[in-house]
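Heads up: the structure comes next, in structure tokens.
Letters A, B, C and D mark the chains in the order given here, with residues in each chain numbered from 1 onward.
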Amino acid sequence: MSISLKLRYFAALRDQVGREEEILELPVNTPEELYAALQQRYGLTLEPASLRVAVNDCFVPMDSPLAQGDQVVFIPPVAGG
Amino acid sequence: MSISLKLRYFAALRDQVGREEEILELPVNTPEELYAALQQRYGLTLEPASLRVAVNDCFVPMDSPLAQGDQVVFIPPVAGG
Amino acid sequence: MFQLSDQPLDITALRRQMQHPQAGAFASFEGWVRNHNEGRAVFRLAYEAYAELGQKEGEAILEEARQRFDIIDAACVHRVGALEIGDSAVWVGVAAAHRDAAFAACRYIIDEVKARVPIWKNETYPEGDSGWINAEYRATED
Amino acid sequence: MFQLSDQPLDITALRRQMQHPQAGAFASFEGWVRNHNEGRAVFRLAYEAYAELGQKEGEAILEEARQRFDIIDAACVHRVGALEIGDSAVWVGVAAAHRDAAFAACRYIIDEVKARVPIWKNETYPEGDSGWINAEYRATED
């Protein structure tokens, strides 16, 4: 069953996707499955192991459940400071 | 044999001696002997083991030789910062 | 106080906010934009942040520092947007009664901010190319 | 640059002198005059220095820091004379390419200055008495 998700993209991911955000309907249950779908769709080069994920502005595990309407952000390796 | 020494006093030592500097003729060969003489003269309460000594503005060991005209400063425990 | 700022940091004002009469020690750290990185000259630099999560994560780090160390106050401000060479990219300030806690908390905060706050650095080089600085490089960075 | 100063420290100007385009990390430390020490309220505080030796010893400490740590610049200024609550008694600043060296050198300098530079602190209490602060107390100090 597909759910509607709001995706926001930052840094290298935004460059590769070519947009800052979008709403997608996808048959995925977890961020892990979602990222695999995005990799296929956009040819993303970042390995899933190098990413963290935030759902509704909170860090969550990559295998946590996704719900209809969630906002999902994959976090490339950070480099502040 | 007595030598002439210029003494400068700081902090607790200056308070106990009651002056900032003086020239003394004393029959002493080392800062160690000099401090013992000053302790007797002024009733100084700081233990020699708690002091360092500078001769002519350089730290030296307490048993180094003193020469005619040397400037000697006994350094109470410091407390900067 | 954690803040993401798109304006140059006013270090004098930030420091003044940390002054408390019971504070005897103040440690601070700044990350400055260098004219080179990883052996390449850097022409321009910009930071991008995931602001909502960055704010929460920055506040969490400051709260952790207050729990772990005996400090009086701690703050951190990180720039976002375009920076010039010599600009402060990040400022951390910690006031404490004693210097052990001030140094330890200051170090904790900058380490955690660099590791956890979702901020990304993009460098442009004189040759015209640019890139997102990867955290894999961070072991040798400032 | 090591300096003994009988004027309030201009932290903004001191910091500015440490800015070098190759410096990516800046660590600084300040000792602030507190309103209490060892459980007693402090009314007034003065530092006395053996200036000739203090200058030499301070410069030696900065040179040691430059030898031991991979830093670009280091400086320290210590106040002498009467200070007010909240004044900076001492400032240490270190600029380096990376933060490890900046923190380590900053800590080294303040520790050595406190242990070795011939400066003495005299506190006056609201009760009217005063005393030279003994280094034996320093284990618990800032």
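In this section, a contact is a pair of C-beta atoms (placed from the backbone, for glycine too) under 8 Å apart; a residue touches a chain by one contact, two chains touch by 3 or more.
None of these values were measured; they are calculated from a predicted model.
> Hey, if chain A just vanished and nothing shifted, what pieces would we be looking at?
Groups after removing chain A from the contact graph: one piece.
> Between chain B and chain D, what distance separates the C-alpha centroids? Give it in angstrom.
Roughly 26 Å separates the two chain centres.
> Would you kindly tell me how far, in whole Å, the mean C-alpha position of chain D lies from that of chain C?
The separation of the two C-alpha centroids amounts to 24 Å.
> Using mean CA coordinates as chain centres, what's the chain A-chain D distance in Å?
49
> Specify, in ascending order, the residues of chain D that touch 2 or more different other chains.
31, 110, 141-142
> Going by the touch rule set out above, which residues of chain A reach two or more other chains?
In chain A, no residue touches two or more other chains.
> Which two-chain combinations qualify as touching?
Per the contact definition above, the touching pairs are A-C, B-D, C-D.
> Using the touch definition up top, name the residues of chain B that touch chain D in the complex.
Touching chain D from chain B are residues 8, 10-12, 15, 54, 57-59, 73, 75-81.
> Where on chain D does chain C make contact in their complex?
That would be residues 11-12, 15, 19, 21-37, 85-86, 95-99, 102-103, 106-107, 110, 140-142 of chain D.
> Flag every residue of chain C that touches chain A in the complex, lowest number first.
Contacts found on chain C: 31, 47-50, 52-53, 56-57, 78, 89-90, 110, 113-122, 132-138, 141-142.
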